[in-house]
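Okay, so chain A shows up in both of these, paired with chain B first and chain C after.
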Partner chain A sequence: MIMFKTSRGRRLMADILTYIVLFTMTIFCLGPIVWMFLTSLKNEADIVTSQMQYIPRSITFQNYRAIWTQSNFPVLITNSFVVTAITVAICVATGTLAAYAFSRLSFRGRDRLMLSYLLVRMFPAVMVIIPLFVMMRTVGLVDSRFGLALAYTSFLLPLFVWMLKGFFDAAPKELESAARVDGSTRLGAMGRIILPLARNGLVASSVFIAIAAWNEFIFALMLTTGQGSRTWPVGLQLMVGEFQLPWGVLAAGGILSILPVVVLFAIVQRTMVQGLTAGAVKG
Partner chain B sequence: MKSVLHRGPVAKLGDLSETRYWVYLLLFPSLILLLLVVAYPTLYGFVISVREMRLTRPALNGWVGARHYIAMMSDRVFWISLKNTAIWVTAAIAIEVTLGFIAAVALNRNVPGTKLFGVLILLPYFLPNVVAGHMWALLLDPRLGVINDLLVRIGVLSTYKAWFADPATALAATILVEAWHGFPFFALLFLAGLKGIPEDLYKAAAVDGAGPVRQFRLITVPMLRTVITAAVILRVISLVNSPDLLLVLTGGGPGNATQVLSLYAFQTAYREFNFGYAGALSVVMFVILMVFASLYIRFTQVTKE
Partner chain C sequence: MATLSIRNIQKSYGALKVLHGVDVDLDDGGFLVLLGPSGCGKSTLLNIIAGLDEPSDGDIAIGERSVTALPPKDRNIAMVFQSYALYPTMSVARNIGFGLEMRGVSEEERRIEVQKAAEMLQISHLLDRLPANLSGGQRQRVAMGRAIVRSPDLFLFDEPLSNLDAKLRVEMRTEIKRLHERLGTTIVYVTHDQIEAMTLATKVAVMKGGHVQQLADPRTIYERPANMFVAGFIGSPAMNFIRGRLVSDGSGSRFESDGVMVPLGVREKASGSRECFLGIRPEEFKLVDRDDAPIKGVIDVVEPTGPDTMVTVNVGKHAIVARAEPRFQGRRGEQVRFGVDPQSINLFDADTEVRIAIDPTHQAI
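Presenting the complex of A and B:
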């Protein structure tokens, strides 16, 4: 007990406690994912066995082959890629301009408009989905990849604008002023100075909404009715219901579909985390 | 370098950027888009809620006034959903705030390896609900769930339990899954908040003889208050709004043990094609959330920097 009374002893105890907490949380967070991965490598017989196998006795890639060749998974993945790409393109094209305006220009009603961009996030998804479905049906955009991407911008564009505005705010204003003094137009300063400065932020914000679009389920379930635009979360969910998908195959599908998310997250997580937290902390 | 042809439009746009119209030009595209996919559907949603609209019976189409809202008052499932929503959101957020806070404090101590731990702990937040749902359905499966196996081995359970099929445990089990999925969000924001507290404050407090507990109570908690408020309200909104996880895990069952408002509204539209009633349900949700929105603005004052 004497050890705890010295400050070095106390620090050592705190460090040990910190590691215990971090290890426990990591197991809690990763355990389920690891278990799904192990399941995806097992034969179905080893999954439904009465004797739980913690380490797979034999490893097989049969489940991955099954989901890829015996279902329409490749079509679903392609649809998801297309929808995600269109969503990101729309958000980058329109959102970058708005984020720049909010960050660098002062105009009447700026604060109120920014607030309304934030308020959009309060709208229940269900409340927007039902009218959107009726609208899209009228203009023939139900079961279209473009229509779905358009629906995604309803909640992703405001998010993108707010996140990117934070990155623009963080870019030093002096360089821009210097360029303006040298005779550059506002457009020139934006294209040559601000955008390159906030490049990482632009990538991180894009990746964030790309992940959200890739993962989205409720809008996709309502707005896609057939093969033409169905995304993987919907397809996977329907496969479970219709075909009593074996656990191994389902696990393989899950692993394949989170692969792009994990890779993107690993690459840009630092900048993305910065962008996500900036707004909340500043407020 | 620049050809005359290429310079033309760009230079013109450059000139335009010096005028006062520039800002409107920048805002126009996103504004139009949001009016089209958010503002108009929202207004239209109010209209739908006072109409009869069933895709399966187009003949019934017409104005019904407050009939859906009146029907809701005597709808047993609505009240159950409202109660479950309150329980689900409150319990999930309480667990998520606690876990998130512990994680943030641990990560803020910057022991070697913190960066890696940070990335791994954040990962669940970025995973899709559909995969998270099935992953936990597998872990808690009544026949081959590994959690059942572990609990039996250490003697907590005598036999495997059907967590999602038993009305007594279904809601708790879905809250566990939601906590797993959502607590990294709080860890993320709390960590950023902790990093924003100047180290000097703690040093000064230590000089004045304040121990760790008093430092926590007098410095950490007050300094984090805005972050906590903002994070909690943002999370309330997204939890009330998203039926995804429950749709995948239980579909609202068994009985209505895990039925929540968002899921009820979605199923009313998706399964029964009763758009009018579903619209009314979501308007009620919207009103409930607006109360939170006003709280959010009052507490955090986001636009005032």
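Presenting the complex of A and C:
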């Protein structure tokens, strides 16, 4: 107990405690992913054992080969790509204009409209899913990638608009005034002056939307019924059969599915962090 | 180059009325300064001239052309903003040439024009830099370069010097004046700094609460302010106001107050008296050594500033500030007597605070 009495000892103790907490949290977060990765490299015999076998005895890529060649996984991934791309495209095209309008133009009911945008986010997805399903069926968009992307847009667009509005708000208004005096239209000033400034914010918001759309499960489960539009979270879940649980293949599918997200993060990480902290630094 | 005519411009934001029917005319090549305290509506008026804000009523014409319904880009104006508003992602050269770029001017021609403007403003060596790498004064020059490169009908300046330090501000003020004399373009300039207004303007519009209080050349504004607000706003130290009475009888008119008796040398037929304020600029007090001096007081504070000495004098119950010569030797508590040139004084009605016109044929006292 002597060491607690000196300030150096106390600091050391605090450091040790900090590291213990951080280490525990890291294991908690990364553990499942590491386990999944290890499982994906195991033989079937190593996975289903009476004694837990954490480290594979022999490494095999059989599971990866199996999911890529013997299941419809490539189609699932393609569908996810398409749905995500459409969602991001719609959000960027309409959301950018909406965010700009909310940020710069003053019109009647602007604040109320902004709030009602948030309202959509306040209900759990399962509440809107039945009416949404009925609507989609009526217009014939059930089991279509575009339909699913529209459904995603319905709850991701508000998030996108709110995020981007913050970035637009941070760009000085005088810049647009200068551009308009210099010969731009309002839209031209937005495109030439404000968007390049809010680029980081745009990237950050888009990545948020993309990841949310990529990983979404409930809407995809309800609104896709056939092979043609099913996305990977649903596809993987459906591989769990009544009598068969192909753990190794599922794990390989899981790892492959999070790869695009990891790569995307790696590419835009710096821009995104800059974008997310831009408002804070200016404050 | 063009004339500017502002007709009955009104602006309301909901129930709040910020401009109450402003009328201003400016000659071709004139330099109009909109001067007033913050919140007086001067920047709103400038934005309306630029087309960045819409008037609730009224009309703006540049040259013979009414521009009220035109967007900013079609008004052929250029504007320099308080924050300079340089495009942060573009080089200095592209910033200056942006207006030409928007008008479809060829790259070669643009380069020549940008070079010409940059030389005029001595920023040729900065053309490749980004605005973030420039000092305040350099940014100011780039912003001016962006305005002059297009040879617009009208220049608009929105408090362009208020972000600069005192020394640079004086330098750039001279630069703007030189530029105006060289280019001869019509200019509208917003400021709350009365020195800028006095030095630059050919015409000053003093504004308060959305009204133009007085529109005149700087000298008239200074010497014959239309009311006590204008009189107090222009000049530093401010004009002295002494409350008293304007008395007229058979022998003439005079201003009387505690310790003050200024004959006005005007003969009025009607006798009578009215409450009013006497307004005298600090430099109009002349130290005299006569018993019948119109103003007598006791020195309170003596403040040498270098080029002259400010003397605060208690006259009756009023404290006045007089500008004395640099080597003024008076001390606190000493008696002083002042004479004033009746030409240089102003009288304001005590209730309306509006200037009272006195017959111009005064005699010196």
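Note that in this section the second predicted complex is superposed on the first by the 241 of 283 C-alpha atoms of A that agree within 3 Å, B and C clash if a C-alpha of one lies under 4 Å from a C-alpha of the other, contacts with A are read in each partner's own complex, and residues count from 1 in each chain.
The definition used in the following text is that a residue touches a chain if its C-beta (ideal position, glycine included) is under 8 Å from a C-beta of that chain, and two chains touch if they have at least 3 such contacts.
The shown structure was predicted, so the numbers you read here are calculated from the model rather than taken from an experiment.
Once the two complexes are overlaid on the shared chain, A:Thr185 sits against chain B and chain C alike.
After overlaying the two complexes on the shared chain, residue contacts for A:Pro196 are found with chain C alone; chain B is out of touch.
Of the two partner chains, neither chain B nor chain C is touched by A:Val139.
Number of chain A residues touched is higher for B, counting chain B against chain C. In the superposition on chain A, A:Val263 makes contact with neither chain B nor chain C. Applying the stated contact rule after C-alpha superposition, one finds that A:Arg121 touches chain B and leaves chain C untouched. Of the two partner chains placed by the overlay, only chain C lies in contact with A:Leu175; chain B stays clear of it. Overlap of the chain B and chain C interfaces on chain A comprises residues 185, 188. Across the complex, chain A is touched by residues 47, 50-52, 71-73, 77-79, 81-83, 85-89, 98-99, 102-103, 146, 150, 156 of chain C. Per the touch definition, chain A reaches chain C in the complex via residues 172, 174-175, 177-185, 188, 193, 196-197.
Against chain B, in their complex, chain A makes its touches with residues 14-15, 18-19, 21-22, 25-26, 28-30, 32-33, 35-36, 39, 47-49, 52, 54, 90, 93-95, 97-98, 100-101, 105, 107, 111, 113-115, 117-135, 150-151, 153-154, 157-158, 161, 185-188, 190, 211, 214-215, 217-218, 221-222, 233, 236-237, 240, 247, 250-251, 254, 257-258, 261-262, 265-266, 269, 273, 276-283.
On the side of chain B, the complex with chain A involves touching residues 10, 13-18, 22-23, 25-27, 29-31, 33-34, 37-38, 40-42, 44-45, 48, 53, 99, 102-103, 106-107, 109, 111, 113-114, 117, 119-124, 126-132, 134-136, 138-139, 143-144, 146, 149, 180, 184, 188-189, 191-193, 196, 226-227, 230-231, 234, 237, 240-244, 247-248, 262, 265-266, 269-270, 275, 278-279, 281-283, 285-286, 289-290, 292-293, 297, 300-305.
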